[in-house]
Structure formats: structure tokens, C-alpha cells
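All remarks here apply to the structure that follows.
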Amino acid sequence: MTVKALPVSEQATSLSPDDLRKMFELMLLARLLDERQWVVNRQGKVPFVVSCQGHEAAQIGSAYALQAGKDWVLPYYRGLGVVLTLGMSPEEVMLGVFARATDPSSGGRQMPAHYSSPALHIITQSSPTGTQVAHAAGVGLAIHIRNSVAGKLVDDAVVWVSFGEGASSQGDVHEAMNLAGIHRLPVLFCCENNSYAISVPQHKQMGVQDVASRAAGYGFPGVVVDGTDPIACYEATTVAVERARNGDGPTLLEFKCERLTPHSSDDNDRSYRSIDELTAMRQHDPLPRYASYLKEEGMLTDADEQMMRARLTQQVDAAAKAAEAAPEPDPATVLRHVFAETND
Amino acid sequence: MEMTFLEAIRAGLDEAMAADERVFIFGEDVGKRGGVFRVTEGLADKYGEARVMDSPLAESIIVGASIGAACYGLRPVAEIQFADFIWPATNQIVSEAARLRYRSNGMWGCPIVIRAPYGGGIHGALYHSQSIEAFFAHVPGLKVVAPSTPYDAKALIKAAIADPDPVLFLEHKKAYRLIKGEVPEEPYDVPIGKADVKREGSDLTIITYGLMVHYALEAAEKLASSAGLQAEVVDLRTIRPLDTATILQSVRKTGKVLILHEDGLTGGIGGEIAALIAEHAFEYLDAPVMRLAGPDIPAMPFASSLEHEYVLSVEDILDKLQAIAAY
Amino acid sequence: MPVDVKMPQLGESVTEGTIGRWLKQPGDTIEEFEPLLEVMTDKVDTEVPATIKGTLFEILVPEGETVRVGTVIARLIQAPEAGSSDVATAPLRATLPRAPISPVVARLANEHQLNLDDIQGSGGSGRVTKKDIEALLAQRSLTGSSALTVMSDGDEALNPQAVVDPVEAPPLQRKQREMDASVSEPAAVVAGLGPDDELVPLTSMRRAIAQRMVHAQQTIPHVTTVMEVDMHRVVAHRAQHRSDFERQGVKLTFTAYIVEAVVAALREVGIVNSSYGEDGIVQHHRIHIGVAVAIPDGLIVPVIKDADDKSLFGLARAVNDLAERARLRRLLPDEVQGGTFSITNHGVWGSLFAMPIINQPQAAILGVGVVEKRVVVVSEDGTDALAIRPMCYLSLTFDHRVADGATGDAFLAATKRTLESYSAT
């Protein structure tokens, strides 16, 4: 049941040139915003950042197939590209990086990149890996129950959850896929496989080549996608979304990509990856690849890209500046929100 | 009307499901079988299998999926078949459900109920007898409820379902059919977080919960007839958050306290209550605060002789009360 | 037998004391009345003498530490009496442990000023239990409440609220202190605290005064008798001698004359200088006059010991000295103890006359009204005439259990006579 997605150049797409350019813009924004996070970390302004670099095509391509605010999204901690695609602003992201009071995800309580937004149906996540996959199955179960009780399709939302290939070893991921398989829940299990769980390579993580091959064990399709090709990611996700909306159940999407940075600002990938490997990895950076494609197709010029980069850099500058200037949480609020308050 | 403890919980679930379509039950064997203890018997027929849903045999997803469903807007009632089996779900309960509101700065809530039959004395051995309350009472963001009577159980299961935060609802399995009591036909409320003085007395205070409430009441009667001393029995009903006002009020009245629980002694909830009393009612104490609890062994053994040795009896409690009274 | 040494109560409002210096170390022998340690309180710094002859067994509170009055601070071992066998030190330890005092008992004992040694415990090992205390309090509970009559005081004020140090108190006094337990909570009278009300917490002095006044009012049948005194001879005498006294550093006040007159009256009507007890009336042959002095937030009643041995000059100097040191809180413990009669000079504030409350265990108290000029009828050589005289009302309140009206009036008449017949020389 495992299917290989086609490479970019061969992919037929329903996306318009505007959408294709929009995806590029989101990818570039994600990259610039991500790089800025590292800068403020190395400046000593924020203690920790974690990156999405190398995952932009998978995240933005896949999330581009969702309906923001309707579909339910549970990104893991690399999900910057996902939340930007759904509509979170650079400033909102940077407020989380700086742990400011107005950080919409957690009010400065969680580490950066633990995204949350009730309005965007982005469910708050924790740091232990794989736990969110169980929640995703639960959202799918809730949609299933609601439709069953109604006796008709009253909610055709789908659930999109992401996790790394390392997290796929977690029992919760297995239990969630098993539950989704039983009731054919409308869940897209999206594995962003960058082949490293911090320092542990995939061959020490599992005995199979493709995480997607496990889907067969749960009774639904698993699809291996080139995670550096946003169009392929979009198209594969679109197919899975349609299956889910039609009541045909879950899909396991495996986006093969590279992690272009160390695991986090506290990690040094040179201690476990060779220089050759790190150099070769750069060949799989999705941005230059997708830019070349758009230019070859006549949808983007160098000048366009320069202007776009300048505009986005300004946005990132403004976002970082505003977030840094925003107030820190009031210490007196540390005891709040343990339990519901009357205004919750 | 008179009901067993078990029937009262079922009646509460039934009323909650009838009143709110968002409520559903999710757990092992809860559907057609009606649960291994038959608490949910008849509910699948009444509300359909989608709302009384058999889960796969995997505790973490029972709770994890319930959390997701709660985020979506439903009101899940998860059943862990035996409290002893709850441990695979611990991460989802402690690290997810209990922290969801805090970590999202109040943007998300997690209104789930986790029902778990606990406690021993029913030949359940190590893995069908455990008391788990102290582990979970340590967790901020989680409420832990352990009623003792049908009256309280029915109202508290409804209160737990209506609560905007996660509630671990502990049902002493020996109480299921042993304990009977009057339950009004008309609606009534018992709030979470409020203890109940089940017996008034001025000479000493017993603080307990769950099945031990009944043992304590029996011991108190015996103490009254044998020594003319009146023990006050405080039924916590909710283990977290503790009703500190009721505890302290009783202690300040009597000056002598026995804290009683089947759960193991060390690190048990009794230690927390004793500390609370020491901090806030020290100058009212007329005797050391005493605890009577399960022994510090991993769990309850199967052989009758060993189980009998583990389980607290009315006589054990009476002995302790007399010792405190004589101090 | 080991004997506890407790932190003494050095003054009526004193609730705690600080160990200044231990003058003996464990193992040192000590004579009865020999200084054992120095204690500092907010009122007095003083040496505390040993109560028995023996050996210092152990020090329980180190220097510099502050403990509540009544706290055991050391233990002495009584020296064996001649002829008795020596007491080994080792087994002494074994006799020391006593039943523990629970927190609630400690608190109640403190609140109600009970001595636990006097209570038979019903708990394990004879422990005094909360119920024992409650039973004691209930047994001693007296019904009814009493409005407090706490008199004003001021410069040279004379007031009746002396609280005698329990350490030094005679047996009669001890009993009364325990009785106080039943009326110990004047705060309970405070009704609902409204939004516009403020609860002023009771100081220990205020609480002590309240307890003692209520108790006195409830146990003593008070009778007050009033006489008016023509003070013109006293005024004349004072005018004549004032500057002489001042040259010797003494301010001559009316109080000195009053004390002198009271002493004379007490000599004449000795039964007024006494204490009532169930076993009989204890008549005191020494005359110690308490004179109340106002201090911030309360009052203290220094006692002029053996006032009958003093001349007017001596009395005036004693009144000056005690009043001054009372305000400076430099009185010695025994200077506020042991009064046999009290004087309260409410006239300082213009009061004409009052009905003061007796300062137990004394049997009477004299209230002194303001000295002011009034038009009076005087008779000289059978001729009546109007005259302007400095007049003063004296009110004697006495314990009707001790004396009857005629006795009280005889005492007051004697006082009046002394003052009115004062010789100008």
C-alpha cells in the first residue's frame, strides 16, 4: 500500500501560479524567521530555539492543503512552517521565542515552538514526543462520534498531526494509529522524517526503510513523499484530506527531508555527523530547489525573489523588534490557570 | 430510593449522558459488556455504541484520545478497567491532561473524567487491588475524587463530568455492591472539593475517604458504646483539592486526629494532611497526629491470609482510636 | 529532687524575659537568695536569686534567648538536708521526664494563665489533657458579665490595678490567679465588627487589667463611702514647705499628704489593711501603699513599702521617685509587689469622686477627687459663715466581707481628720 510520490518536475498540480508563489513566500518567510531565532539565541537574548530549516517544503506544502480554522492541527515542535501557513504571524511566533506575556501559544510558559491557537484549531502541545498523536486520534474520534450521533456528516474537518521519525517509536503513536484504523478516523499522520532523532540515525531507530510502511499494519495507506518538494507534499496531502473528508479514514504521510540545523540551539550535530554528510545534506535544501523550479517555469525572477526577501526581512525585523520590546509575563500570574477560572 | 454504590454511579452517568450529548464513555469492555464491574451496563443500548465505546486494550490512548476529544469540545468519560492498569496512561494524565490549561495560559481546557476502580480486599491480588490516589494527588491541575456513599457518588460523577478540568474519579471496588444507601430522585449537588462530616463528635477526628469511611463510622460507634467517646468522621470525598477548612475546623474542635487510608503509609495523602494540620492547627493539638494506612509493601497479595493481613479492619481502627483517646 | 527555675514575671504587663547572663554554671553550688542569673525585660533588668540552696543541675535556656514568663529556664538540685542521704545525680535524670504538654494545652494554659503543675492530668502518664483544662475552666466559669470600670490616671495618678508578681504572690493570690481563668476573655464581649469599626488588639497589660477588674467586681461585694475634706490646712502647709522640699530635690504633692493620712487611718482601723480569704481575714501588720502611675498604654502600681516608717518628706520623695521610674520602666520587680492598700488619684483629671474597684487581694482602695475651691459653711465659735475652701471628695471602696459600713466610715473619718487637722508647722 506504500506509494512513492513523484518528484517535483514530474508532478502535475492543480495549484495556480499565485499559490505556487505564495508557497515559496511562506517557505522563505519560515526560513528567515527561523534564522532570526538562531541569531537572537546566539546574541544571548533567548535561551533556546528549535528549528524547522529543511522541513519548509514538507510543512508548507502539506499544510497548504488544509482549511485553516476548520481542520485540526497538532504540529510538533518543528512546525513553524505549518503555523505560518495557517495564519500565525511572525510577530506571534517571535513573542513565543522571547517568552513574552502576549505570546499567543502559552503566554511565555512553554519553550519556543510549542504552538497553540484555539482560533486556528492548533492544539497546545508538550515536549515529550508522540503524545500529540494520541490527541489527534482523539479529535478524530470526537468528529466520528459527533457524526455518528447525528447520523449524518455534520463535521467534515480533518485532523493533521506531525511527528518525527524518532517519535514514531513511541507507543502513543502506535496506539493512536491503531485507534484511527479501527474507526477509520479522519486523521492525517504526518511523519517528517529527517533521519535523525537528535543524534540517533534512522537505522538505529527502526528496522524498516519507510515509516509509511507501518500503515499497512493499521489498515490504511502509507505514502512516502519527497519532503523537499512542496508541490509533492501538497498533492499527497490533498489526496489524504479527501480520503478523510469522505470518511475513508486515515493516511500516514512520510515526508523525507533533511534537518539543516542541529536538533536545537543546545545541540552540536558535528559531534555525530561527518562534515561530508553535513555538506551533502545542503544539496537537499528545499528553498533553492523550489526557487529554481519556479524560475524555470517562469513564475519567479531573481528580481522578484530579491524584492520578496527584502520585504520579508523587514517583516521579520519588525516582528523581532516588537516581540523583544513586549513585556514579560507578570510574575504574579505564575499561579494562574492551574484550574479553570471564571473567565476561562 | 436505595441503591448500591455502583448503581448510583451508573445513574449519575446515565443522567449526565441524557442531559448532554457531548458526554461519551470510552474504555475497555464498557460497551456491550457494560464494563467488567457492569457500571456502564445498559448504557450502550440506551445511547448507542458511539457514545459508549469500547476502546482498544491500551490505556494511554484511552486517556490520550479523551484529551483530544475534550479539546474538540466533547465531554469524555474514560474508564480505566482497574486502577492498577492506569500506569501506561500516566504520562497522558500527568504531563498532558493536567498541564494542558496551564501550558496554554488558560487558552485550552481539558474537561475529561477518568474513572478507575481501586482498592482491595476482594482477592484481586497485586494488580487488581491497588490504591493510586497519592500518586495523582501530587499533580497540580488534576482533581482527585473518591466518594464513599451512593449519594455522594452519583452527584460527584455528575460534578466531575461538568467540571472544566480533568478529574480522576476513584471508585472503591469493594464498595460497589457492599455499600448501599438512599439516593434522592430529585436533582441535588455535591461539589468537588468539599469534604463532608459523616459523623459529628467532639473527642477526636477521623479523616478518611472511600471505603474506609464506612469502617471509620463503625469503629466510631463502637468507641461511643465502649468508651463513651464521640469520634467525628470527616469524609474527604475529594482528595485534591483538599477541603482544608473542614479538616482544620474539625481538628480545632477535637484536638486529636487519626488519618486513615488503605493506600500505603509512606508518601500517602495522610502525610499531606498531617503536615497541613501541623502548620495550621498546631496549637489545637492535644495528641500527636496519627496515621493508620496500608503497609509499605508493593501491593496486596493474593493468598487470603496475606490479603487479610494487609487490609485494615474496624478493630484496627478501634484500637488506634482508643490509643489516641488515652493519650 | 530537681527544682525548676522559671522565667519570673517581672512586672504586670511583662510576658517574656531575656536571659542576660548566667551567674552560675551547671555543677556550681548556690545558696538560697544568691543571684543565679540576670534577666532583661522591657521594664526591668534584674538579677534573679535562687529559690533554694543546692546545685545548678542544668541550664535550659542560653544567654541572649527570650522566653515566655513561666518557661523553665534551669533546674536546681536541692542540697540534701542534714542527716538525709546524698542524692545521686544519675537517677535524677530518670525522674525528670514528665508527661508531655500538648500544643493545645500549652496554648490554653498560657491564655488562661494556668499553672499546669497544679492540675491533675487524666491523660496517659498523668498528662494534662485539653479536656482537663476545659473541665477546669467550666468549673470555674462564673456567669454574667461586668462592665469594666477602669479609672483614668495621670500625673501622680493613683490606681488600683496592680498585678502582683505570681512568683512572689502569697497563697491567697495564687488561687485568685487561677480563678481569673474563668473571666479571661474580655475580647469575647466584642460583638460583630462592623465595616466602620476597628478591632484594637488587647495588649497583655490591657488583658490583665480586664481580667483582674472583672474578677474583682464579680467576687468582692464592693461598698463605697464618700466624705468631703477641707484641704485648706494641707494647702497652707504645702505652700509653706514646697520650696524647702524643692531645694532638696523633692516635689511636694498632695499625694504625699494623702498617703500620710491613709497610713494614720490604717493604724487606727487596722482591719482595713488586710486580705480576705476562705480561711479567714489576713490582717497585715506592715503597711505597703500602692500608688498607681500612668504609663503609655496602661498603668503600673509601684508600692511604697513600710509607708508608716516614712515622714512626709520621705513619702513625697518615694512618690516622686517611684512615679518617675515607673514612667521610665526602671522599677525593680519587688517595687511593684506586695501592696496592702491602694490609692487612686482620679482627681488629676478633674473627677469629683469615683467608686474605684478593689485591687485584689487587698481589702480597700481610696479614691481621691480633685481639690477645688468651693463655698462652704464654716462654724467658728458657734458662728456660721460662708468661706471659700479647697475641698476634696475622698471615696473609700472596701470589701464588705472584711468590714462593715461603720468600719469603712471610721477609716475614712480618720483620714479626713488627719488632713483637716494638719498643723501648719
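All chains are identified by letter, namely A, B and C, in their written order; residue positions are counted from 1 within each chain.
One rule holds in what follows: a contact is a pair of C-beta atoms (placed from the backbone, for glycine too) under 8 Å apart; a residue touches a chain by one contact, two chains touch by 3 or more.
Every value quoted in this text rests on a predicted model; they were computed, and no experiment measured them.
Participant: Could you name all chains that are in contact with chain A and with chain B at the same time?
Facilitator: Correct list: empty, since no chain touches both.
Participant: Which two chains have the most C-beta pairs in contact?
Facilitator: A-B
Participant: Roughly how many whole angstrom separate the Cα centroids of chain A and chain B?
Facilitator: So the centroids are 41 Å from each other.
Participant: Averaging over Cα atoms per chain, report the distance between chain A and chain C in Å.
Facilitator: The separation of the two C-alpha centroids amounts to 85 Å.
Participant: For chain B and chain C, what's the span in angstrom between their mean Cα positions?
Facilitator: For chain B versus chain C, the centre distance works out to 60 Å.
Participant: What are the residue numbers in chain A that touch two or more other chains?
Facilitator: none
Participant: Sort out for me which residues of chain B touch chain C in the complex.
Facilitator: Touch list, chain B to chain C: 255, 282-287, 326-327.
Participant: Give every residue of chain C touching chain B within the complex, in rising order.
Facilitator: Residue list for chain C touching chain B: 102-107, 123-124, 127, 129-131.
Participant: Could you please specify the touching residues of chain B with respect to chain A in the complex?
Facilitator: It comes out as residues 21, 24, 26, 48, 50-51, 53, 55-56, 58, 60-61, 63-74, 76, 88, 91-92, 95-96, 99-109, 140-141, 143, 164-165.
Participant: Over in the complex, which chain A residues touch chain B? Could you list them?
Facilitator: So the residues of chain A in touch with chain B come to 72, 103-110, 114, 116-118, 123-124, 126, 128, 131, 134-146, 148-149, 171-172, 175-176, 178-179, 182, 336-341, 344.
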